[in-house]
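Okay, got some structures for you below.
Across the two complexes that follow, subunit A remains constant while its partner is subunit B and subsequently subunit C.
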Partner chain A sequence: MFKININPIIISYKKLRKTLFSNLFNTIISLLIIVLISVTCVNTFEWLIFKADWKVVISNLPLYAFGSFPPNEQWRPATWIISLLSLSIFTLYGPKWRWLRKNLLILWIGTIPLGLFLLYGGVGLSPIMSRYWGGLTLTILLTVCSSFLSLPFGIILALCRQSSLPLIQRLSSIYIDAMRAIPLIAVLFFGQLLIPLFLPVGIEIDRVWRAIFAFTLFVSAYIAEDIRGGLQSIPNTQIEAANSLGLNQYQIIQFVLIPQALRIALPALTNQSIGLFQNTSLMAILGLVELLGVGRSILANPEFIGQYIEVYVWLACVYWMVCTIMAVLARHLEQRMTINQTNF
Partner chain B sequence: MKINQKIFLQLGISFIFFGLIGILINNLTINLIRTGLGFNFSWLFKPASFALAEYPLPYTSSDSYAWALFIGWLNSLKVVISSLILATLLGTLIGFARTGKNSLLRLISAGYITIIRQTPLLLQLMFWYFVGFLGLKDNMFIQIKNIFNISNQGIEFSGLTFSSEFLALLLGLSIFTSAYIAEVIRGGILSVSQGQWEAFRSLGLAERKGLIRIILPQALPAIIPGLTSQYLNLAKNSTLAIAVGYSDIYAINDTIINQTGRAIECFIILLVSFLLLNLLITNTMEIINKLILKSRKYS
Partner chain C sequence: MDPIVVAKNLTKSYTKGLRALDNVSLTVDQGKVLVVMGPSGSGKSTLIRTFNGLETFDKGELNILGIKVDSTHDERKIQKIRRRVGMVFQQFNLFPHLSILENITLAPVHVQKRRQIEAEKYGMYLLNQMGIDSHAKKYPSQLSGGEQQRVAIARALALKPELLLFDEPTSALDPERINEVLDAMRNLAEQGMTMVVVTHEIGFAKDVSDQVLFMDSGKVIETSPPNIFFSNARHERSRKFLNQLDTY
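Moving on to the complex of A and B:
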């Protein structure tokens, strides 16, 4: 009745001994790490619970989420973020109805106009200028809009670079290589300060769209290289097969090359969008009050002066959480793609 | 496609492309005339009249803008090279730990890589600067017989002083890049076949010696390209120096634009100086790559 199976314990003990305490050097390192981890854990918990003053985070939660969006309209960005979050949860754990799964992509794309409508207002909602946007809402908006726009641009650039027309091929390679050689902050700077100089007198684009435009210019060059990698790994026999079926050039690109290249490049593409999400923080230097910008403005408030650690730890957690959600979604997408492939 | 069609298509596209560029340049000239700035580089030789906190070569505020920009470029080079070395050392160690036998070490290095890669670099830089260095006390924090001092002014080591801005940038960039380099090193080590490990073990070589003498040289050709792209990323990321107030090439360009309003000229200078920095890194890595391939051939 009370027979305890002791075998697994012995095996894991032996395994532990083999991996952690195999020789003197290993033993010393293992012991050091154990001491280090326990000291760090104890100190961190002590700081988290007793020493840290979380008032700077708790009393400013709406600011982190929505920036200076008018308080009685804050349900609008909140609705958008909640709809994004519930869509992610639904994608991961929702029921596997076929008709719904097929239309999930449309739902995801639909969140962009929904978000823009909720933020800008119009039709039944009071209009709100983009300079009141901020916080996590703005960070997510920048990420979503720029990655959505840079995908088609990236595909076009990659196809142009593979083109047999020398002029097009040369121009797109120059663009891609130049863009990859300059730092992002220079491109964003171009977007904020130089784009107005290139526009005709009287036409202005607002700051958020200039930022999205600059991010799109930058990211599409990187996406183009990822997709080019995908295009190059498609065997030539595929094109020959499509030719012999009588498909014309555009049909080959649309039905044979792009779907396969996208599937191969998918892990790289999701990495790009996670990188883009992190890089939106650069806009804090260039005057948009996104998540990090909110942190900076709160730290400039005399009431919370010097509480750097609390704010930075909190912001790091938020960034880390959103990145993790994006990574999990990406892995889910990759798995679905491979399952589809085996079904064919 | 027929040849005629090809030529017409290219002509059409170049017509649209250069037409668009013409319109943009036309707008630019109109705007520059309107603001009364024009486009020239003669301002480069006027006195800069701003002070710099850090200068590897003598600099005063009466020196020209061109000299200030050159000092900024040297400052960039200084921080890029020193964090490049530190990041490589750190990254190699973590990469070894990540592939090693000790499961605790593997766990810790995996945790390190995840945390560093999932938070923005700008946030990390601000953390190191505002918490790591400015959080220290005014007076000497650690003082060892006037040889080694740490305070919120930076580190002083037997006559050499490093400002806290430089150190925060160095630390932030090295730690951020080391997480990526560790993954490159891990990929390289995993690309060496398992038989090589078994071979040196059966020859009685110690684990660490075998890793450095046998495995690493074979992994290098796979590591170098990844390392080069990480170094280029590091050079690009060094422009975030402006967030901690280190006067690198971007920060100085920014100051000059605020002072003179010469945005277009400064942007061009920024691009050229980055081109130079990139060429320097890629060419050096190319030489290293050739040396490695050569030494493998004749050994």
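Moving on to the complex of A and C:
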């Protein structure tokens, strides 16, 4: 009737016995660890399921996602986030690479104007001020805009640092070194508090944009160093070959150096953008109501007072989820790019 | 008909007083093949790399395809020369991030401003000539050394050069892969391509070259037609070198 193959179970049992319970000392250690792990697990699950009051999360879900965006317009940021998500899925499981490379990059870049249009409104949509933006939407907006702005800026800085003109080379090194010596929070303070003082009267930059610029200034210094590493690992013979084909300096940079440097720097660049995503939470201190800021404002509500753990566990999960998506996407991209280049 | 390459008293010295090139003079006529031989460190590579401006020199004068270059290394003139002179390297130096066909069409499209379709068509024709058109969509790392070197030759030919420089094109290849590259070079010579080839391949030099130039420590020891050079070299130094090559 039923034939259950118990052989693998026996083998793994024997293995366990051999590795974990081979002598008295090992047995005691193993038992201690098992007890510790079970107690932790039981307590955690008990808290998660019975003790924690998830009302603070469930009843505020739109708040976490969109901040104080007007409720009847919340489909707009929702559309944007869904389009980002579906583009990610499409990138991972979509058609073959050659076609992707040509069109997908344009689609990804296109998500920025799409997001800004959906959030700001105008042309058929009612305009919404940036102070109503918030939650996960704002966090993602800060990350995406700053990453895409700091990449070209970082490339230019890296190229300047390699320049043969001493003035340009010195200036960019000074900039990079200075930015790396200042803590991010100081740069963000500078962006929020000092930039308005420097600007002439009447010109005002949005708080969100001030934050994006501050992040861009900071991250591009790090990106420049990553790309410089990539540039330096390209053998000089590549430049000689390009020279002998009559390509000029700019063409060599554009067609030979940058594409190769970006591929080499890709893992480091992924790291930067994941770091950037997490660092956007610093803006909560500076008054932007992004994901962490929403959490703090909810905790300030008398109805939910004291429910720190629930809120922060929930926020950690959201951050973890988004970062995982980013990491998976980046790994996919890396694999795709290295398929054709087993050796340099 | 003016000669394609005229070098007069080329001299290049390094800081320690070591001379990479010492009063080198030579002429290469249209449709001729010059083979440059010599022990390693004799300045052969340095010599042909001055022809397309990859290497500067301190004294002397160079006239490539009627464009005169001197020790000032005028960037614009060199750029002009590079558009008309192709070069093939020892280590192939293909662009690893581009497919074979993209490697070949890069310069025609961006330097000569030819249309992509036209450049691809000509690129496929060249790959066909080299017998590797089936690899057009692959990447350099997927090809063997001999195939990569033939791609490199096709890449140099894509600009329709009037002079081809070969810097030890077979030195980095497995012995069984050398002939496929040499055969491709033979075909080019038969089609009347003007070539300067740095190589140790005696067979190739005997069959294909019109002149053999022998260098040692930056000096030209002798320039002879191959039948004389290989049977009855005029200089003791050349004979010694050839003997060593034979025993090797």
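By our rule, the second predicted complex is superposed on the first by the 300 of 344 C-alpha atoms of A that agree within 3 Å, B and C clash if a C-alpha of one lies under 4 Å from a C-alpha of the other, contacts with A are read in each partner's own complex, and residues count from 1 in each chain.
What we mean here is this: a contact is a pair of C-beta atoms (placed from the backbone, for glycine too) under 8 Å apart; a residue touches a chain by one contact, two chains touch by 3 or more.
As the structure is a prediction and not an experimental result, all values here were calculated from the model.
Engineer: Is A:Ile29 in contact with subunit B, with subunit C, with both, or with neither (first, second, both, neither)?
Structural biologist: It touches subunit B, and subunit C stays clear.
Engineer: In the superposed arrangement, does A:Ile298 touch subunit B (first), subunit C (second), both or neither?
Structural biologist: neither
Engineer: Determine, under the contact definition given at the top, whether A:Cys323 touches first (subunit B), second (subunit C), both, or neither.
Structural biologist: first
Engineer: Is A:Ala158 touching the first partner subunit B, the second partner subunit C, both, or neither of them?
Structural biologist: neither
Engineer: Looking at the overlay, does A:Phe190 come into contact with subunit B only (first), subunit C only (second), both, or neither?
Structural biologist: Touch status of A:Phe190: first partner only.
Engineer: Going by the contact rule set out at the top, does A:Ile37 touch subunit B (first), subunit C (second), both, or neither?
Structural biologist: In the superposition, A:Ile37 contacts subunit B only.
Engineer: For subunit A, which side has the bigger count of touched residues, subunit B or subunit C?
Structural biologist: Higher number of touched subunit A residues: B.
Engineer: In the superposed arrangement, which partner chain does A:Ile168 touch: subunit B (first), subunit C (second), both, or neither?
Structural biologist: After superposition on chain A, A:Ile168 lies in contact with subunit B alone.
Engineer: Now for A:Leu119: first (subunit B), second (subunit C), both, or neither, which partner does it touch?
Structural biologist: neither
Engineer: Determine, under the contact definition given at the top, whether A:Phe255 touches first (subunit B), second (subunit C), both, or neither.
Structural biologist: second
Engineer: Looking at the complex, which residues from subunit A come into contact with subunit B?
Structural biologist: Touching subunit B from subunit A are residues 19-20, 22, 26, 29-30, 33-34, 37, 164-168, 171, 181-186, 189-190, 193-194, 196-201, 249, 278-279, 281-282, 284-285, 292, 299, 308-309, 312, 315-316, 319-320, 323-324, 327.
Engineer: Touching residues of subunit B toward subunit A in the complex: what are they?
Structural biologist: 1, 6, 9-10, 13-14, 17, 24, 27-28, 30-32, 34, 101-105, 108, 115, 118-123, 126-127, 130-131, 135, 232, 236-237, 239-240, 242-243, 250, 254, 257, 263-264, 267, 270-271, 274-275, 278
Engineer: Using the touch definition from the top, list the residues of subunit C that touch subunit A in their complex.
Structural biologist: The contact residues of subunit C facing subunit A are 52-54, 79, 82-83, 85-87, 89, 91, 93-97, 99, 106-107, 110-111, 139, 141-142, 155-156, 159.
Engineer: Under the touch definition given earlier, write down the residues of subunit A that touch subunit C in their complex.
Structural biologist: 237-238, 240-248, 251, 255-256, 259-260, 263, 340-344
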